Structure formats: structure tokens, C-alpha cells
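So that you can tell them apart, the chains are marked A, B, C and D in the order they are listed, and the count of residues begins at 1 in each.
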Amino acid sequence: MGRHFSTKFITGLTLAAALCASALSAPASAASLKMAWKQDATGLDPHKQTAFSSIRLLELIYEPLVRFDKDLQIVPAVASSWEFAPDAKQITFKLDPKAKFQDGKPVTSADVKASFERLLDEKTAAAARANFLSIASIEAPDPQAVIFKLSQPDVPLLTAMASINAAIVPAAEITAGTVGTKALGSGPFKLDKWEPNSKETLSANKDWAGGKVGVDGIDISVLPDETAILAALRTKQVDFALINDPLVATLIPNEKSLVLNRTPVLAYHVLQLNPSRKPMDNLAVRQAISCAVDRQDVLDTASVGEGKVTGPLTMPGYTADASTLPCYKKDLTKAKKLMADAGFGSGFSATVIAANGEPATAAAEAQVLQSQLAEIGIKLDIKMMELNVYVDAWLKGDFDMAVALNGGRADPYSMYNRYFTKTGNLQKVSNYIDDTLDSLMQKGRVETDPAKRKTIFADFEKHLVEVSPWIWLYTSYSYTAQQKNVQGFQPTPEGSLFGLSKVSLN
Amino acid sequence: MAFLRAIFSHPSGRIGGTIVLVYLVIALLGVFGVTPHNPLQQFRIDRLHGPSMKYLMGTDLFGRDVASRLMTAIGQSFLVAFASVAIASIFGTILGLTAAWFGRLWDGLVMRIMDVLLAFPAILLALLIIAIAGPGSFTSIAAIAIVYTPIFTRVVRGPALSIKGREFVDAARTFGSSRRYILTRHLLLNLVAPLTVQVTLALAWSLLTEAGLSFLGLGTQPPAASLGLMLADSRNMMETAPWLLIFPAVAIMISILGFNLLGDALRDIFDPKTRSRPA
Amino acid sequence: MISPLLSVSNLHVGFGRDLVKTEIVKGVSFDLSAGETLAIVGESGSGKSVTALSINRLVDFGGGRITAGSIMLSRADGTTVDIATAKEPVLEKIRGGEIGMIFQEPMTSLNPVLSIGRQIAESFRLHRGLTGRQAEAAAKDALDRVRIPDAARRLKYTPNQLSGGMLQRVMIASALACNPRLLIADEPTTALDVTVQAQIMALLAELKRETGMGMIFITHDIGLVAGSADKVMVMQAGEAVEQGPLDDILDRPQHAYTKHLLSAVPHFQSGRAARADFARQQKQMAALKVEGLTVRFPVSGSIFSRSPGSVHAVENIGFDLMPGETLAIVGESGSGKSTTARAILGLVKPIRGDFSTPGTNAATRTDPGVQMVFQNPYASLNPRLRIDSILAEPVIAAGEPVTAKTRERMAMLLKRVGLPEDSLERYPHQFSGGQRQRLCIARALMLNPKILVLDEAVSALDVSVQARVLELLIDLQKEYGLAYLFVSHDMAVVERIAHRIAVVYAGQIVEIGDAASVLSNPQHSYTKRLISAVPTIDRRQQHFEIDTRQIPSLVRPAGYEPPQADWRGFGGDHRARVEA
Amino acid sequence: MTYLAKRLLTFPLVMLGVSILVFVAIRMVPGDAITAMLGTEAGLLTPAQRQALAAYFGIDQPILVQYGHWLLGVFKGDLGISVIHGKPVLGIILERFPLTLELALLSMMIAILVGLPAGIFAATRTEKLSDLGVRIIAMIGQSTPNFVTGLLLIYALSAGFGILPTMGEFTPLTVDPLKNLGQMILPAITLGFAFAASVARISRSAMLDVLSEDYVRTARSRGAPKRWVIWRHALPNALIPVVTISGVEFGYLLGGAVLVEQIFALPGLGRLVLEAILQRDYALVQGCVLFIAFNFMVVNLLVDLAYVALDPRIRLGEGS
């Protein structure tokens, strides 16, 4: 028996190897944009993926109801128009009649309804569920109209809907349970092939409602480090690339044939403490850490100064002068005193986790923080992990401290409600909440007057920095590099690559 | 003494021996922290400083002194290499010796297990072990030790088998010498030469494997310095700060070269073919 | 005759960097005419092989240089060339074409990965320009010429498929392929059994007669050349101490060294030199009695077939050995003589048979009263142990403490076997082969044994060293009343030391008896053949019969039992097996 | 028992050992089997889903039964499903394998074409300057980790000559041979350098050993010129250890040159294993490791076959 199987197996193997070698993939068409990035997507379910690398890919394939433009203004996507009821407890969307999924079927209100019901279903474990808890019911009076009935006024809801985590997926795929395995969206590009950690092949969606896509497709190569990406750009193997490492990005302008796009982003580099673990449960300890950290030094060292020290609020219109925030000036005396008061005069040991290459500066940040915190007797052990392993630990809140790059939103509420509200779905990650934070968040959510909202969130920010569950460090830039012949790319503060839909090759 | 003289009168032994001695001194200094600067201290104003009188080999991204880090890295790499080779040689010797002596089932079992271990490329087996046990210096030591145990087993078993058939072992049996006496005084004592050669060469491989593992981020963890890690960190700065690449690269090369040269010399010294012998 | 075939004068050969310091050949001169055989006789280190290798300048490839002198060879075309200064292309023509050479070890002298046909054909390709079929046909003829049966088929064999004797014939075939005018034979039979040696010698003699070539025969055994040489040159330490016609050298040696070689060194004298210093007494207790000793080794089968049986290495051997007596077990390689010795020492497990010694220890199955000395003095001492540790080992093994008395005994024995007193602090590699064998004897005597088993104990030694070790053994035997079981293939040595002889053939004793009687009056056909093959000084210009018989295979099917043997007596205790 | 029969017999035995080792190793991963199979996705499972999955994967059964099932699957070419890729493991491996195979072949070509002649050349002029040169270069080649060679090569070429390594999307040989070779040449040289160094060293020493053999002297005594001796007598014998070293080295390369593939951004088998290990895609790790070990053993078997062809002593079963 064994012999029979093994012969068959071996024959199969040789045959397959031969086929493989002879019939490799067909050449990419000339007008495809060749692109490279380092960190590949970790999954295809738009409702679940939180990693930047996944979102960057899914933004090209799926569309939410609305999206942000480069100034963070909300513009139409699947929905062509929308309207809040005067009491802000109902919102009505008109869908774009031209909007079609990539299998040719139109995007209907039923798809929208099904998508949001999937999002709200606890079993889905959707990343952005907390942002949509005010949705009481969803109605689809006709194929082009959707009405969301809200349990209470919710102004940030619309910004939350602009996230790819609220993408519209076909109802049929939800029923079939194939959302995570088959990427079928209504976006400008269709995913033809995905070989994780190796490459993606995208082709232009001819029927895209947003207009004509400038290239025939995008061939994305995953290159294992950014030096390789730089080399690929220099030798013109690649037209367009995503750069994460500021060290590499600063080398791009030296090349005559390359263009660097540098956009400030909402995402923030942060040292997350885990206040559910000792001794980070001690406020004085957290504050001591906050005071001991020299944020500018972290920025200068890890990111060669590419960025800006920030507080929790990174979006235009809400940002405060960072220097006014408590402990934003390194104060070792105060930090040491706080440590002593908390009973940790001789320090303690803790482990900090960081992901390999996500962000590119993670390892460096961890090492700078390690050396800074050593000055007040905190001994940090650095544990570097592969991104998906890291995300797993991060989602479970299984860490003492974590170096992270968290995404920002145009609205403070949708940015932080998942972490710092009592019902936030990432409460497990932040492990910190108090009544002040929760009530300020609720107030901000229902407040419609922009000036008042600004005050509310200024208080929120101040309190958050005061209680220091996390140590906000800085915001950096998103970088893309391209050959001179790539035209029309529009970066956004979210770091989205959606602008690739308008790119053309000369 | 005569042994050392033999090494230093052999051309490649002289070079290899000198290199190894110099590295051993550096490694010891590195392990005990006798370095120009604190290898972990970040001199923030002097980040990415080129080689100078103050920082002989420049500083890295964090403003840490590369020379000092290199010294501790060599210490760290040598620690891993020596520990793993010590383990591998002890286990390999015991297994190879007993396999050769007892033969039959035990020999078959041991050698088949070694065949299984040898069916994996060294770095792959090491990676697999690290995947199971998680990265770190101790795992590196264990992984490298496991990878090289089969080699020692084979290196010991072959000569042990041939010594077992030599007439002085027959003679010992005719006297009724105990098994322990024969195994230690006759077999093991005569295996010292091939073992010494093998240990030297294994140290070279082990340094190489350790560097590879830490280059992949699976060996020594930051901020501790290790040669592979320093190289990995230098990648993004190859153009702006080439000294970060060149010094560790040359340091690895020369250390391995030293052990290889020494191993070659030892092989020549121990080789009966090159030794004059009345016949 | 106008000029000799070869004329060597004042040849000096040095090795390595300092050619003068390491001079191996120091001014050797000789002449050789066509059809003549010159024997160069000497012990190891005498420079005889280097002289031979200089004649076709192969010495260059071993790191040697001819520093002075000339080697004039008259070539087939009538010209004369000085090989000492000839250029490599000329030498390539001469080697194989005009000077053929055969070497000591036929097993290693043929390329293991090439068929013998190709290796013989090589000469034809190189010197006659033959290719393909022609070369192959020529190779077959060459094999026929050295009387290898079934030559066509054997051309495709690789060396490992042939026995040593056959390989030496192949070597001869290849050396003589292009009818060289001179053949250099460097100890061509040393690695072979005595009966095979006789065949090779016969073959060489016959071929020489056929072709009329000149021959230079290098050997350490002056007895061997008595049968074939015309002239003899004796070498010692790089110099030719004496040369002349065969009979002059053998009968009227002038130089002391030649005399020593002729008298002190064992030469076979057909039983005339046998010992007569021991006579068996009635009712004496045997020191060792062996009955029905049988050793078989299973032959491992392949996965596809069952084991084809076993090798009957020793079959039903029995003898007794009296205190003070030497019993020699003689036989050729593979006869089972060493296995017998090893079985008695417990190194191999007999499947059957009794042997009793006065003091066998049931617990360790070893008897401190029986000790062994092995063949290879370089392998039987652990190179990493000091002599005092080596000598202490039997004492430790016997469970006795190593005391000052033990050391006293070590010193005494070392002195007794003729080694310097400081030997105890030295290591084996600091001793010569003969000294090491003395060490082995001393070690064997540490426990004051009754019996010494000497397994080819002097075979690896140079002839003059051999003689001295034999003398020592005889002295020790007389002094301690030791019984010797002396295993050897060398009849000349056996004649010097044995009181009784047992001839072993294919695992069985075929003849046993008083040494003088067996050697002078052999009865069994094998014994006769063996003894007639032994070269001796007495038989000059002997004609050997060409005989291609092979030793029968000892592999027998499982369960096979040989038939009982019948014996016939020939006076005294001389008996031989009755042949079918 | 002949040598080859022995080797053929141990092959399945060792493969079985390898499969047990791999199977057991994966089960030694901290965490339960579901985590081992699903990796990080397991964190999001509900208990009911876990139970269902356990039944699905059969890990609610005794370990021997599990092993049996798995082994049966392996024989059918079913190495499981990769969690990261969402595809059958064997398919993913076979996608990556051509590159690794090509790289291994190219490096071996460089090694044989450079190393062997260099070794023979050095052996025929011992103690001369050219011999010393070959030995020094070979020694350096053998002492430089290939990732160091790669990094230095990239640095030296770009800093010294402004030549940049061609990285980017990998082009298979069948699509554009020139472009493919452009991408493969540097990694192949990097790997080939160390490989050639060991081939040169081993062929030199094997050649020296063989040249001092008695049968070489015999050939010379027949008047064979130097070239004849080297090519017809010495080389066939000296090739035996060279074939061993090349086979072993080639076998290792078939397992993917993890570090070099990483440095030169090549999506080969080595990087696949590394990623699978880092991302804890255990089905993929298991499949890759098994595949690589299988390849390695097959190459070893081929080396044995080559032995048999080269050396009649082995062919005729003298070794036992």
C-alpha cells in the first residue's frame, strides 16, 4: 500500500514541479503600475483587518459609503449623497446607481444593510463595531436608498462610515461566508491573485463608478526590506512604492529620477502601557514614565526627526500645542519622585512588545525608550514579533507595554471610542477607562456644535495625558516614492493609497 | 606546550591561532564589559558618527559606540558558539562512542536518528527549533547544539570503529580490561585529535549559524549586541553609514577564518600522513 | 656486447629542501646487460627502492632529485641516453616503452575505478598509438601472456574483483605490454602468499626467457633471488656495500653486512635448522589443550535473499601444547591460523570446541596465564599512553594494585627485553618497530604467563630485526619455561623457533608434527606445495611450476558439517590428513 | 547487502523519522493544536468554533490516529492548508520551488565551473604562488557567511561602481530569461562563492591525495604524461569526494538559501519557510520542512547513485 501511494505521490510531485517550472504566470501588461511594499496584507476581510498593510490593499478593492478627500472632507463613495435628519437621529443615503461590484452586480441597499448587520453582529468581531453601536435599525426602502435609524444623536457616525472597516461587501458573499477568502468589492481594482508575502496582482475595474482608472492594473511585489525597495526603485524595477522607514525615505530625494511624496498622517506612534498589569496600574508609575520619556529624542533617533511630537489628538482642527500637555517636557526629577512615591524607587522590570517592521521604527523606538526608562530604574525587555503574532498579542491585551503605530481618524470620537469608552470593543487593548473619559466621549459624540466639541475633546485629551494609560509620542509622515513618469497620485492624511485610482503612467 | 609550538610552527596555524587568541581576548573583554564605552549607552548628540578618535568604529543610529558593541557582540557570539559546541561535542561523543562500541541495535538506532537530523539543512533545523522554543540566546545555543550533535556523532563513530578494531584494543581485551577502561583510555584518548579538529571547525560553523540566526532576528535579542544583529541593523544605513556594515562584516569573516585556519592546521598536525613515522 | 643495456654510475639521490642532508642514495654504480637479472637486496631504509625509482626517474614525483651521477640507457634504436638529465618528454617515451616497472602492492598500484583492460590498454595507447578495438585486442593478448585464464571477460573487471596474485599478473602484463628492454620489479611478491609468490617468480622467469629483457629485482629476501638472479647488489644505508655474480655473493660474501644477511637472518633450510632443544615427556600435563575448535562467521545476505550460509574460518582444530614448547601454526592468508589464535584469547567466539588452560578464570573468560603478542607493532600499543601505563594495563585489568613492586617488575622486564631504563616515561612513537615488539613482549610477560600466543609477531619487522627478536623469544622461553603458540606464514622464521608445526589449510589442520620431520619430509600435498614454494638459498636458478590453483571458498551453506577426517602417522607424532 | 540496496532501504526509514520529528515538533509548539494550525486567527474563535475545528482537524483523536491521518494525507500529496495563504501547502511550495531550484543549479554551476578547475590547478602546482592564491581565496570563501558576502557585494557594487542589484518583482526564467538571469546573478554568485570555495578546497586536497597514490605512480611508470595522469587517472578518483560535497551543498541549497533570498528579495522556498515560521503558519512550516528534507534525501540518494557509477568498489559491494 505504502509503495503504491508513495510512487503516486512522487510522480505527482515531479509532474507538478515540471508544470510549475514551465507554466509560470503570464507577463504583466505594460501599462500596469509596478508597485512594491514591505509589509504584506495579513488578511482580506475588510471588516476585521486593522493592520495598515491590509487596509492599504483593501482600500483599493472595497469602498465604504463615503470617503475622505485629501483635506479630510467627506466625499461620496458608494453613496452619492446623504442627509442627517434634523434631530441627528436618522441618516439617509442615496446610493450611486452606477456603483457595481466587480462581478458586475450593482451595489444595492440590501448589500449595505447586510454589510452593516455583519459589522454589528458580535460574532463577526468587527474592528469598528464600537463606532456603530448607535445604529438602532437599518431600512432599505428601495435599491438605491438606505436609512439608518439611530438610538441617539451620533455626529461622528458619518466619519466612522468613511473607514474601510465599514466597507460595503456583497450580501451574497456574506451569506456564502466567503468575505475573508474572496475579495469582491466595488472599488477601483480587482484582486486577481494574491500570494501572501510575495505578490498581489490587481487589475483595473472597468465598471468602476468612480470613473476611468488610469492604469490597467497594479502588480504589487512584497520585498522583504526597504533597502530592497529602494534598490528596485533605483533600477526602475518598480514604479511606485510604499516606504515606511524614514531612514530609507530620506534617501529618495537624492535620486534624480525619483519623487518622494511626504504627507503628515493622523496615525500616531505610541507607547501603550497596560494599566491592568502591575505596576502600570499605579497612576504615579504611569505618570513617571510619561515624565521620563523624551518624546523629541525618540522622534529624532528612531525617525531621524521626520515627524512631530503629538498628544492624543492628531486631526486638524483639534490638535493642541504639544508643549502645553503635562509631562511633555522630560522631567527626571519629577519622574523619580513619582516612582519613589509609588513605592518603586528602585525601579522594576517589564516587557515591551514591538512588531518587526510595523512601523519600521518600532525596534528603534523600543530601544530608545528602553534607554530612557532605564534612567528611572525601569528595565525593559524588548520582544520583537512578526506583525500577525504581535497583533494577536495586542488584541488580547497580552503585554506589559507595547510600541505601536495606531491609526487616526478625522474625528476624535471615532478615533478613540473603541479604546476609551466603557463599551469600546478594544477596551481589552487599552485596559483603561474612567468615568471622566467615558462621559467626555459621550458628550462629544452627541454634540453637534464644532466649537463646543473642540472644548470637550481638549478636556478629553488633557485628562488622557494626565492619567497616561498610553504615552503618545509623535506623528510621522506617510511616504510613497515614485518614478517621474507616474502622475496624478494624491496622498491623504490617512495614508490611503486610494489615490492610485487616478494615477497614470507616461 | 609542544602542541602550541606545533600550531605556531604551522603557517596557517600561526595565523589562525593568532586570530583566535586575539578574538578570545576581545570576547572576554566584551563579556566582562571592559569596553571603551558602555555598549548600551546612547550618546544622543553623536548619532551616526563616523569613525573617529573618540569612537574608533563610529556610532550607530542611537549614538552607541560601534567598537564597544562589536566587542560585546563578539563576546556574545563566542559565548553562544562555545556553549553550543561544548554541548554538541559532549553529546555527540557519548553517542558516537557508544554506537561504535555496542554496535547492533543501539548503533542502528542512534545513527538513524542522526540521519533524520542530518536530513535538514542546518539553518532550517535551527529555525524549526527556534520556532518551537522562541528566539533568544539560550534557544540559539540549544538549536545549534542539536544541529551539530549528529556531526560529532559521526566524527566520533568512524574513528572509534576503526580504533575498536586496532590491535591495542584487542590486546586490552585479552588482558580482560574493563569496558570503562577501554572506552576511556583507549578509544576516547585516541579520539582527542579528531575531536579537537572538529571542535575548532564546529566553532567556525557555529559562529556562522549564530550570525545567520541573529541576522534574521531569531538569535540574540536587542538591545544586546550580536554580530548578525548589527549587520541586520546596518542594512538601511548601508549608504549613509557604511561603517555599520563593514566593521561587523569583517569581524565575522575574520573570526570564522581564524577558526577555519586553526582547524586546517590542527588537521595537518594530527594527520598521520603528514607526520613522519618510521615504517 | 659493445655497451651494457643500463649503466648507472655514482648515483646520488636526495629528498626535500636540503638535498645533501637527506641524501638517500649515496653513490651507487652498476651495469646491467640485456637478458641479465640484477637483484638489489637491502632492508628498509637502505635506498634500494629509491635507486629503482631513479632509473626511470619516477623518484621526481616523490620529491626526490638526482643530485649527481648518470644513468645511461641504450635505447632500442641504438642511441644512448642519460636518464639522470633527460627531459620529461623523453622520459615519457622511455617509461613503459623501454623500461617497465612493477610494484610491491598490486592492490593499490592499480587504479580502483578503471577496468584492468583499460589500464593495460593504456600502454598501447601511449606508446603504440592504438585506439578502441585494437587497444582492447592488444590488452587481451597481454593478459593471455601472463596466463590469466578467460582473459577476454576479465578485461572488464575492476581491480577489486581480482585476488592479489592475479593483480600482480595484471601489473606484469601492463608493464610488459610494449616489450620494454628493462623491467624493474620493486619487491613484487612481498605482499603475496608464498605459493602465489612462487607463481609470480615463475612467470617472471619465463617471460624474461621469452623476451630477453634485462631485469632489476628489488627485494629484502636474499633467499628469494637465489632462484632467479644473475648478479646481486647488497645495499645498506644508501650505499652498495657489495656486488657481484650470484654465486660469489652467496658463497663467498666479503662485506660484514652481506655475511650478516646470509647467516643471522632466517633462511629456510628444509628442516635442517629446526630446534632440537625440547623433547616431550610422557605423562606431562599440557599447558594448553584444544579440541574440536570451530569458528564460523555468518555471511550477511542481501534484503532479497536469505543468508547463503557462513564462512567456516576454523573447522574442528585440535592440538596440545606443552610447557616450554613452541607450536607453530603455519598457513597462508585466509587459512584460519589467526582466527585460531584469536579464539583461544577470547577475541572471537567459537561456536564449538574446548580449550583448557590451567587457570582459566570463569568470570572474565580470560586467563592471565595466556597472553598474546600481535603482528603490527605500530597498532598494538596505544599511541596516547605512556609506556608505564601500557605495561600497567594487564595488572589493572587483573584487578591488582599498581605498586612499587609492579614498577620494579616493569623495569626488570624492560631490561630483560633489551630496552633502555628510561623507556617507562616515553611514548610508543619514540620507539622503532623492533623495540615496540619488545615492549609488547614485556607487556605480555607482566602477569607472568604460562603461554604466549604470538600472532605473526615478527612478520612486520626487518629481516635482521626479526632475527634478534626471535633470539630474544627463544631466550625468554628457556628462562621462564614459556609455551609458545607461534602463528606465522613465514616458513624460514617458523623453522627457527618451532618445536612442532601444524599446517593449516582452509580452516583445518592438514598436517602436524615434529618441526624437523614436517619440514624435511612433508606428507600432505598442500604442505609439499607450500614447502616447495619457499625460496631458499640452496635452490639456485630454480624453475617454478606455473600453477593457477586458488584457495577454495570457505563459505558453506547453512547447516553444512564437513566429514570426519582420517589421519595417517609418519613416525613420532608426525601425522597428516588422508586426502581423498 | 550491496551499498545501494542499503541506501534504498534506509531512505523510507529516515523519511519516516523525519515525518515523525516534524509532526511531533509542531505539536510541541506552545499553545494548543488549534493555535498551531490557525496561528493568530485562533485568538478570535469562540469555544463552539474551537470544538468544531478540533473535530474537523481530527485533533480530538488520539495522537497516533492523528499521525496516521496526516501521513496518509502526505502520501496523497495533501500537506494541509496554509492559514496565511488560504491555499493547499503543496501548491504554495511548488510555486516557490522553481526559483530555489534555479538558484541552487546556478550556484552549483558556478561552483563546479570555477571551483573544480581552481582546485585541480592548485593541486598540480603545490607550494607555488598560484596554489597559495587559490587556497587563500578558497579559505576566505569558506569563512564568509553568504549573507555577509551578499551584503558586501551589494555595497561594493553600488558604492564602488554604481551598479545596483536588480530587485523587484521576481521574473521567472520562462517569462523573460534575460531579466531573470539579471535578478539571479548576484545571489547565485553570492551562494556560488562559498560553494566554489569548498569545491576548490576539496578537489585540491582530493587531487593531492590521489596524486600520491600508488596507481598514479604506476600510470607514470607506463609513460603517461602529466595531463593524461590528471585527467584519466586522478580526476575520476578525486571526483568522488567532490561529488559528495557538491551533493550535500546542493541539497542544502534546495532547502532554500534563507538569508540570501532575504537579502536579494527573492521569493524562494527559504523565505517561505522563514515567513511561515515567523508568522506561525504551522501547516506551512510542517509541509515545507518535510518537502525540504525529502529533497535533501533524494539528492543524497542521487549522490549515492553517482558514487556507484564512479566507484566500482561500491558498486560491487565491497563496503560491507
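Going forward, a residue touches a chain if its C-beta (ideal position, glycine included) is under 8 Å from a C-beta of that chain, and two chains touch if they have at least 3 such contacts.
Keep in mind it's a predicted model, so treat the numbers as computed, not measured.
Of the chains shown, whose Cα centre falls closest to the middle of all protein Cα atoms?
D
Determine which of the two chain pairs, C-D or B-C, is joined by the larger number of C-beta pairs in contact.
Pair with more contacting C-beta pairs, C-D versus B-C: C-D.
Could you give the separation in Å between the centres of chain B and chain C, each centre being the mean of its C-alpha atoms?
So the centre of chain B lies 47 Å away from the centre of chain C.
How many Å are there between the centre of chain A and the centre of chain C, using C-alpha atoms for each centre?
Once rounded, the distance between the two centres reads 87 Å.
Round to the nearest whole Å and give the separation of the Cα centres of chain A and chain D.
40
Quick check: what residues of chain A touch more than one other chain, meaning two or more?
225, 356
Out of chain D, which residues touch more than one other chain, so two or more?
In chain D, the residues touching two or more other chains are 154, 158, 262, 280.
Would you please name all pairs of chains that touch?
Applying the touch criterion to every chain pair yields A-B, A-D, B-C, B-D, C-D.
Would you pull the chain D residues touching chain C in the complex into a rising list?
1-2, 5, 9, 213-226, 228, 232-233, 236-237, 310-313, 316, 318, 320
Please output the residues of chain D touching chain B within their complex, sorted ascending.
10, 13-15, 17-18, 21, 25, 28-30, 139-140, 142-145, 147-148, 151-152, 154-155, 158-159, 251-252, 255-256, 258-259, 262, 273-274, 277, 280, 285, 289, 292-293, 296-297
Of all residues in chain B, which touch chain D in the complex?
Listed in rising order, the residues are 12, 112-113, 115-117, 119-124, 127-132, 134, 204, 208, 211-212, 215-216, 231, 234-235, 238-239, 242, 245-246, 249, 252-253, 256-257, 260-261, 264.
Once bound in the complex, which stretches of chain C touch chain B?
Listed in rising order, the residues are 44, 342, 345-347, 361, 364-366, 368, 370-372, 374-376, 378-385, 389, 393-394, 396-398, 429, 432-433, 440, 443, 447.
Show which residues of chain B lie in contact with chain A when the two form their complex.
40-42, 44, 47, 61-63, 217, 221-223, 235-240
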